[in-house]
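The structures considered in this document are given below.
In the two complexes below, chain A is the common chain; its partner is chain B in one and chain C in the other.
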Partner chain A sequence: MVARALTWWTILKISLEERLVYRGDFALGTLMRFLPIVTQIFLWTAVFAASESGTIVGYSRNDIVAYYLLTMLARAFSSMPGLASGIARQVRDGEIKKFLIQPIDLISYLLLARIAHKLVYYLVAAGPFALVYYLCRSYFPGWPATDVFAAFLLSLVLSFMLGFFLEASMGMIAFWFLEVTSLLFVYMLFTFFFSGHMFPLDMLPDFWLTLVDYMPFKYLAYFPAAVFLGKIEGEALYQGLLIQTAWVVFFIVSCRLLMQAGFNRYSGFGG
Partner chain B sequence: MHHPSYLGVFLTFARNSLIRDMTFRANFLIEGISSVSWMIMNLGFYTLVYRFTPSIADWDKYEFFVFISTTMFVNSLVQAFFMPNAQELSELVRTGGLDFALLKPIDTQFLVSLQRVNWASLGNFFVALLLLAYAVPRIEGFELSPWHFLLYPLYIVLGVFILYSVMIALAATSIWLGRNQSLYDFWFYITNFSRYPMEIYEGTWGTPLRQLFTFVVPILVVINVPARIMAKPLVSDQVFLASFAMLATAISLLGSRWVFKQALLSYRSASS
Partner chain C sequence: MIKAGAKARGQQSSKPCPSTFRPDLYPDAHWSAYNLLIMSAIKIRGLKKSYRVYRKKEGLLASITGLFQRDYREVDAVKGIDLDVEQGEFVAFLGPNGAGKTTTLKLLSGVISPTGGAASVLGHTPWLRENEYRRRFALVMGQKNQLWWDLPAQESFRLHQKIYRIDSSEFQRTRDELVDLLEVGQLLGQPVRELSLGERMKMELTAALLHSPDVLFLDEPTIGLDVIAQHNIQKFLKHYQAMRKITILLTSHYMKDVAALCRRVVIIAHGEIVYDGSLAGIVDRFSSHKVLTLHFAEERMPSDLARYGEVLEIVEPKAKLRVDRSSIAKVLSSVLANHAVEDVSVEDPPLEEVIADMFALTAKNQADKVAAESLTPSP
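Coming up: the complex of A and B.
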């Protein structure tokens, strides 16, 4: 047990050091990522100036800007750059073999590496995020109540787990189709549109709204942001957290099943 | 001295790239489809927005669709002809491959700017044509005139030249920096400003921002000028900006050529 914990601790430590090498580039990149927010503020100001009412589906202009800023935070938790494509690459060039012979579980290893990746990211990105949020503080309606804030934090952690296991499951598909780049691109488009990263999902017409409710994507960005802004309250909030948890469990299981099935049919390509 | 035929060389580049693209046909198709589906999502977003507002900064829905198709024309041309080459330039500098380009008896900027044509990016060009044909007749009070056929394509080409200038100047900085990996990111964030009607940049922060991106780095005129020519009535208001766009294109091209040449002077090859 101790030996095992030690192994995982070592993996985490190595991954941490690996990530810290490029911290300068990281911080600058994070700051630049907020630039599109500037155009979004101008765009939505123009939209609200022309529309007669001061709100659109219950969002004021300030709400929308706050919403975009919050989805960026949520995506900082739920986006997993390179996870699925990394698995696919390892399957294709045969590197995955080492997980078959070493006593290390592939998914746990990836999860630890990802946690290290994210920890370093938050460490470096905290500065730029704090700066931008401080500059934009007037767009926020203020701090939510303690229980809402707790729910928000919980939904962020769950969105990290959902993002990880969902994307890892996508990566496992590489066991069946060696070339999954196009599939991953479609997945990326879907997440961008249906996670609510592009606009508050409440704007969708009824049919699409129902459809979005049946998909896991909205828990990657829309849900945490909407919780913070108080758009989802009371009963609906608990229900939402429950469904988000259910999706996490679903993808934990499917990710593992896919990996087992994949290992069974794997035939070791590459050298 | 015998001068090479630039057109002939370019056509050879274009042909070779097409042959290369056709070797990986599935990949070509997927690339085309993905860039098109990205634009469809974008269109979906604005369709949604227009459910809640009659106009954005005086651009109504169909006028704005013309704006979007203009963006697609310009971007697809830039991505097809210049983007792969600008990215390659920083790689050439890092590996020392630029030596070979310098040795060729042809203008270096021409060679490194046009070597590769990414045909798949032209998929959006045709989608833009469809969108334009759909949106233009739906603009209220629109009357087609010969000027549209003359000026719209002309200003799209000028816009492409401006973006090319910004891009090649940015890429040339990799000669000084040794490597410039964030070039693509930087490019994305800069052109992000150009993809909206310039009227939205208004107010204490907006007006200086608009002036900066119109008169200092003229990326706002890239889409705005041709889009206005097509979507808005041809009135004298447009003359100032349209003439300025001509001047801006000329200065951008000359300026970027100067930057490129200066950068080449500090090139010191790499490895072997």
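Coming up: the complex of A and C.
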């Protein structure tokens, strides 16, 4: 157990070092992510200027901007750039063999590398995030209660795990289809619309709302933001966290099963 | 085909193998077979691997029909081989591209699972991929990189220390020893991507040997290296193997590697073992002729040299002849009786040539066999 923990710690440290090799590119990429915020704020300002009532489906301009900023934060936890495509590349060029030959678990390894990736990202992005939130503080309704804030933090951590295991499962499909780019594109489209990244999900008509409730995507962005804004309270909050956890467990299991089946297929097919 | 198992080899295994023998995996193994199994480091019985490959016909139309109906073809990469390798042996696998060498190494390292047959390495079935087994062998592929590209090699070594659970002092000792032998001390802190191919190979070897594996599989470790780098790697492997008495299976296209390192050579062609023995034995067995070089006195070259054998080369006053092995004595005495000869030498043809001839021959036999099979209607 101790040996395993030490292994993980070493992987984490080395992944951090690797992340810092290309720090210039990384910092630039991180800063570029803030550009869409500005355009979104302009877009919604224009939309609200055109509407007579000042609210759209119960959202005021301030609500929308606050919501949007919060989903940005949630996506910083749940988005996994290059995870699935990275697995696919490793399968294609045979690098995946390493995990068949060496006594090391692929999923744990990927998870640690991803945690390292995120840690470096937060390190670089913390300053800009704080600045933007400070400048936009007037859009927020105020600081939530401690228990709501705790639930928000928990939902963020769960959204990281959901994002990781969901996308890693997608990546494992590469064992069957060597090229998964189009599949990933469809997945990206789904998360874009149904995670609430594009617009608040409660703006959707009832039919779609029910559909979205049955899918895991809303826990990647909408759910944490809605928790922070106090839109989900009491019983519904516990239920939401429970369903989010259930999805995480579901994808942890499916990811591992897919990996096992993938390895078997790979070794049957010829490496 | 030569069965390797029957041959008795002088060495005894120095370590007892853990008995993780699973009778359920070897339905037709007897206890006597089991006894044999723990004697050798590697034991292969009737190992088979075939792949299903998609056969695409030429052209766009065929590509479109291929979307709905796929035509598959079975390729037998390894066709039921038997092989025993004892602890401490250094064995070379030779064979043309696509002969099944790499497939065999992949089977033995558990990357792929076989279509049939059994194999046991150090008492483990490789394709079960148990961690106990994975901590006792290493696979180095000349064309694949296992180190972290952007980081110095020492970071990869540190990771290996953890995943192979190498004790800290043991790790330092082994690493220093390997780094010393390979003379890569100054390069440890340099990102791997900045190293030359030869330096990288040395780092790969170091990484693979850090956990002191009992069995090492080397798939073309010197591919693409210059002569000096090749020589360095050979020197290292020879020294390390002699020192540690580990079992090594090597595939290479460079005859120099093989000649320098391995006393035992296994030749695989078309998924079958066609030869198992010493390097010198290949020439005895597969070469039907010798090369006779004659240095004539007083620059008087006879014009009818062709009657002694096939003329390979004439650079006056020297001539090279290809003479049938069985008639070499007769030819030689006749030449010496009839001509004034200053110097004479009888040599075996170059090993590369013999092996190339042999590959060509097995390829032809194979083609004939396939043709014959396709002519006879199946019952």
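Convention: the second predicted complex is superposed on the first by the 262 of 271 C-alpha atoms of A that agree within 3 Å, B and C clash if a C-alpha of one lies under 4 Å from a C-alpha of the other, contacts with A are read in each partner's own complex, and residues count from 1 in each chain.
The criterion applied here is as follows: a residue touches a chain if its C-beta (ideal position, glycine included) is under 8 Å from a C-beta of that chain, and two chains touch if they have at least 3 such contacts.
Remember, predicted model here, so these are calculated numbers, not experimental data.
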Have a look at chain B and chain C on chain A after the superposition and call it: clash or fit.
fit
May I ask for the angle at the C-alpha centre of chain A between those of chain B and chain C, rounded to a multiple of 10 degrees?
90
Examine A:I11 and indicate which partner it touches, taking first as chain B and second as chain C; both and neither are also allowed.
second
Go through the superposed model and pick first if A:S267 touches only chain B, second if only chain C, both, or neither.
second
Going by the contact rule set out at the top, does A:K97 touch chain B (first), chain C (second), both, or neither?
second
Give one of first, second, both or neither to describe whether A:A50 is in contact with chain B, with chain C, with both, or with none.
first
Is A:V21 in contact with chain B, with chain C, with both, or with neither (first, second, both, neither)?
second
In the superposed arrangement, does A:V157 touch chain B (first), chain C (second), both or neither?
neither
If you take every C-alpha pair with one atom in chain B and one in chain C, what is the shortest distance in Å after superposing?
9
Interfacial residue positions of chain A with respect to chain C in the complex:
3, 6-7, 10-11, 14, 17-18, 21-22, 94-95, 97-98, 100-104, 264, 266-271
Spell out the residues on chain B that touch chain A in their complex, using ranges where they run on.
30, 33-34, 37-38, 41, 44-45, 48-49, 51-58, 182, 185-186, 189, 192-193, 195-197, 199-203, 206, 209
Quick one: which bits of chain A touch chain B in the complex? Just the residue numbers, please.
25, 28-29, 32, 35-36, 38-39, 42-43, 45-51, 56-57, 181-182, 185-186, 189, 192-193, 198-199, 203-205
So, in the complex, the side of chain C touching chain A is made of residues 49, 51-52, 77, 103, 106, 109-113, 127, 129, 131, 134-135, 138-139, 144, 146, 148, 150-151, 155, 158-159, 161-165, 191
